[in-house]
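Multiple structures follow.
Each of the next two complexes has chain A plus one more chain, namely chain B in the first and chain C in the second.
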Partner chain A sequence: MFEARLVKGSLLKNVLDAIKDLLKQASWDCADSGIQLQAMDSSHVSLVSVNLKAEGFDKYRCDRNLIMGMDLSSMSKILKCAANDDIITMKAQDNADTVTFMFESPNQEKVSDYEMKLMNLDQEHLGIPETQYACVVKMPSAEFARICRDLSNFGESICIACTKEGIKFYAAGDIGTANIKLAQTTSVDKEDAVIIDLQEPVTLTFSCHYLNMFIKATPLSQQVSLSMSPDVPLVVEYTIHDLGHIQYFLAPKIGENDS
Partner chain B sequence: MYPSALSRGSRFPPSIWLPSAQCLPVSEFSAMGKPKVKPATSLIGPLHNFTGEEVATLRSHLLAWYDANHRVLPWRTIAATEPNPHRRAYAVWISEIMLQQTQVSTVVSYFEKWMSRWPTVEDLAQATLEEVNQAWSGLGYYSRVRRLHEGAVKVVEKLKGKFPSDRDGLVEELPGVGQYSGSAIASIALGQAVGVVDGNVNRVLARVRGIGMDISAPTTVAHMWALADEIVDAERPGDFNQAMMELGATVCTPKAPKCSSCPLRSLCVAQQRSGCVQQRSSIKNHFQQHKESAEEETSTIPDIECVAGCDFCLQKEDWDESLGVQNYPVKGRKTKQREETTAVVILECEDGRMLLVQRPKGGLLASLWEFPHIALTEESEEHWEKTVGGQVTELFGVLESDAASRTFIADVTHIFSHIRQTYRVYKIRVASERGVCWPERYQGGQWMTREQFLSSATSTAMKKVLKAVEAQEGKSKDKKSKKSSADQPSKKQKTISQFFSTVAKK
Partner chain C sequence: MGILGLSKLIADVAPSAVKENEIKNFFGRKVAVDASMSLYQFLVAVRQEGQMLTTADGETTSHLMGFFYRTIRMVENGIKPVYVFDGKPPTMKGGELAKRKERREEAQKALEKAEEAGNAEDVEKFSRRLVKVTKTHTEEAKTLLRLMGIPYVEAPCEAEAQCAALAKAGKVYGVATEDMDALTFGTPILLRHMTFSEARKMPIKEFHLSRVLEGLELKQEEFIDMCILLGCDYCDSIKGVGPKRAIELIRSHKSLESVVKQLDPKKYPVPEDWPFAEARNLFIEPEVTDPADIELKWSEPQEEKLVEFMCEEKGFSEERIRNGIKKLTKARNSSTQGRLDSFFKVLPSPNSNANKRKSEEKPGAAKKARGGRGKFGKAR
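What follows is the complex of A and B.
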């Protein structure tokens, strides 16, 4: 028997919004410690890893490890039926081939049940090595989203350069070039600050297309963290308050990180 | 891009050489040894020729534009820097043959690979046909590469490694080199002052000289060549010809030409003709009256209809105002593409290798490897299934029980220039490769792995077929082939699996 109840159901809606455009289908691995999901997009350029801790749920029970393969667009359709203030409960029997989503309105006057068929997905599971990143930048997630959206008007890729002074985003295309510099701030308010933890300067180039998919996670967290090292994938991480985190890994583009 | 390229393979057909009396003395062609036919004369007015003054302006404007704007391409660098004329001729020859029917952007990488593999004509002559076929794989029109190889052998063996020194010699000696390629090589590599006419030049000339006759008509073709020979710059024939072609490719484009940045604007009949239409409706007419009246006197709009009864003028009733400059060139009606459907059968044995057969030495896609084809000649689609089942047994020796287990994968369309080909792709797993045979028209057959297939000489169409198969298998949860299916990221974009390795799930 598996059951996970989340009073703040909107969190689950947001998690799904953050991954459904990147992944068509994915497996949720449910264990005693919580729920995990790891999957690559269809072109294998990016990897998404979602981790929801058992303690973050208001009720969590998982008697046996369970892998639930789901079509994420179907799951998203179902979660769209839940109101933002609904309480969401996911339920499945051991060895079941369906999962049930139950939505309760805050005053318990409306209860809806949706049952969805599970899929048998045979997905590769990748081992992510522990990496000491050359730089880790924390910045407001809305600012990062804005930058990605703005720069994608200029070109297909964004070059991110990080130095001690600040972080620079650069894009070039037919209409011209765009350059955005953010200086490290000394703001007291932690969520609004740009904080750079730097071992050595890094410059990498990434595809806008994927960055624009990642920023769909913006509603989950006020802050985003970007971790970079030369020639390894970028990590874009959003923490989900009290519940876990969502990480996106994006392979760099090669031969384009000049300037 | 090069409308006459198809016929170039078999040398230009004699029908093209019906020069009109006005533009070409017949004697000019006697050196080519082609049959002469007395042409039906057409009247070509003076508008469609250049005056001596115009030729001088055109040369200086065009070359100045070319010096400022030309694209740097590997064969141009060789033509400009290599001191040995035979090496220059070799490089230009390869590039010109590659450029027939193929875009510059595609050719560059093929050309560089080719030149590093066979830097001289001697190297090429020593290569096997299979090797050159493979290096050509993906460029299409495979008869080109066969003739290249044939030509290289001929140059080395018969001409002792020396290329002929002029256009006529090149056309005469090199298989696959016709009027166009011969002129291009002679002017670019050997500095001979001969003009070049390709699709781009045709368009430029048709617009500049307002030639409203069907550009594929024999008299027009002859006139174009005469014009090209007349205007070519004697000092820099190679640059001049490339400038004409480049102008056609980048500025004087078929659609939305960039007239405002065209160096030949002042000479352009099409521009003047559409320009005066624009001038009439311009808002300027309402505001700058006083200035314009002064201008009007100085700008001389030439007679659009040059001589009464001129065959080369575009008649008033055929002029479409909305098209402007794009009224030229005038094209004859295209022949319709033929539609064909063929079944393609992937025979896979138990270890995953697939049967490929090598096509005959002549004809379309000669000597390339392909999956077994089965002609679908019946009209009705209902019979196709039956034909496929029957023919694989009959022609390829597949057991009937195996043949019945075939699965339909997908329809793959591939457009050859003259055929719209639909492949109905089937897959059959055969229990044993023993007993499987192939019809005699094929040169041979071989069981290949996916990697072998990709590294051997195959056509783009067959690669598409394999892709379709892999996409299908990817769907039916074969996780290995999934990686190579559908939306592959570009070369520059790395994939995540290059960084993280798969681990066994607990």
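What follows is the complex of A and C.
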């Protein structure tokens, strides 16, 4: 028996909004410790990793480990039926081929049940090594979203350069170039701060297309963290308060060579 | 010609070995293309009103058209192709080649008949069967590739075997061919439909050898023996043994030697003088150039020389060729998107066989692919 109840149901809605454009289908791995999801997009450029801790739910029970393969657009359709203040409960039997979503209105006057078929997905799991990143930048998530959206008007890719003075975003295209510099802040207000933890300066180029998918997670967190090292994938992480996190990995663009 | 009925067998027995993918998802991959098969494919398929494309003097140019545009299509999608040409056919292929010659003669007769009867549809059908790849075609294709800056390899013997060797050595990601015997040669990943035209909107079919073997419950040597039973280019097969029986026989007897011993000679007459051991050897140790000695280099296309060759000599429209070259150069100079799976290792999935629901739709798709093969497969 699996059951997970979340009083703040809107969080689950937001999580799904944050992944459904990148992934068509994915498997949720449910265990005693919580729910996890890891999947690459179909072109194998980016990877999404979601971790929802058992303690973050208002009620959590998972007797046996369970893999629930879901069509995420169907799941999103169902979650759209829940109001923002609804309490959401996910339920499944052991070895079941369906999952049930229950939405309760805060005053308990309306209860809706949705059942969805599960799928057997043949998915590749990637082993992600523990990495010490050359620089980790924490910044307001809304600011990052704005920068990605703005710069994608200029070119297909964004170059991110990080030095100890600050972080620079750069894009170039037919209409011209765009440059945005953010300096490290000294303000005490935690949520607005730009904090740079730097071992060595890094410059990497990434596709706007994928960054614009990642910023769909902005409503989940005030802050976003970008971890970069030369020639390895970027990690964009959003912490979901008290519940877990979403991490996006994105392979950098590589300069052309003949090898 | 490949292995008789192998793709259908894989689709039926090991559906999880086949994946369909869009061409754009192969960006950043190096792919070995069986050039001899492509040549043939282009000569058959690139046509206008049923006629091959020719210059004003009647020289065929279908193959050049095919090589030029389909290569550009791959390069635009971020794929780095390397073409592999056939060398001399192995002596064991003599029987198969003689059969093909016979079929050509039949087609020639049928064509004459159809022409007499004025049946346009049949004329087209049989003239396609008469297509023959000549030395000139091959040489012209090589010239074109050289000018386009695309590397090619001349195999000492069979192109599929050389492609497989390149893929096994990790020089390329996979082998693009329609011939299933590339798998028998040990290609880890076979890609079908890679050189098809954009207009057909065919997804790329990816066959993973390791999963094929897993699904068929065979080892590579047993797989080779099964392919010989199914029918390969190098020797006859046993009458009355179809795909189903072939896999059962190999599964229970492990090798052709013991299969031959066990079979009832009255029911399933083994061909006299059946050189299956030699055929097997050709698959296990084909004559190939050591991949370590092959250097693959993609270079800048030579625009002026290309225009001279394609437009002045072969009568292609200069505007189109220049446009094509522009695409080629643009794709070359734009930075390539890295692949995540080249940074992180794929962990072995614990549930690769628990693939029930997905597999149900596969046989239908496989049938379609077979239908397509009838028209566009290699039938020299």
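Of note:
Here is the rule we go by: the second predicted complex is superposed on the first by the 255 of 259 C-alpha atoms of A that agree within 3 Å, B and C clash if a C-alpha of one lies under 4 Å from a C-alpha of the other, contacts with A are read in each partner's own complex, and residues count from 1 in each chain.
Here is the rule we use: contacts are C-beta pairs under 8 Å (C-beta built on N, C-alpha and C of every residue); 3 or more make two chains touch, one makes a residue touch a chain.
What you see is a predicted model, and the numbers here were worked out from it, not measured in a lab.
Superposition of the two structures on chain A shows chain C clashing with chain B.
Legend: residue contacts after superposition of the two complexes on their common chain; A:Q123 is shown touching both chain B and chain C. When the shared chain is aligned, no partner comes close enough to touch A:M213: not chain B, not chain C. Using the contact criterion defined above for the overlaid structures, shared-chain residue A:L6 touches neither chain B nor chain C, since it reaches no partner. In the superposition on chain A, contact of A:S46 is made with both chain B and chain C.
Comparing 200-208, 308-316 or 434-442 from chain B against chain C in the aligned model shows that the clashing stretch is 434-442. Residues 40, 42-47, 120-129, 207, 232-233, 249-256 of chain A lie at the contact with chain B in one complex and at the contact with chain C in the other. Put simply, chain A touches chain B in their complex at residues 40, 42-47, 65, 120-129, 207, 232-233, 249-256. In the complex of the two chains, the chain B residues touching chain A come out as 477, 479, 483, 486-489, 492-506. For chain A in complex with chain C, the touching residues are 40, 42-47, 67, 119-129, 157, 205, 207, 232-233, 249-256, 258.
Taken in their complex, chain C has these residues touching chain A: 16, 21-22, 24-25, 27, 297-299, 332-347, 349, 351-352, 354-358.
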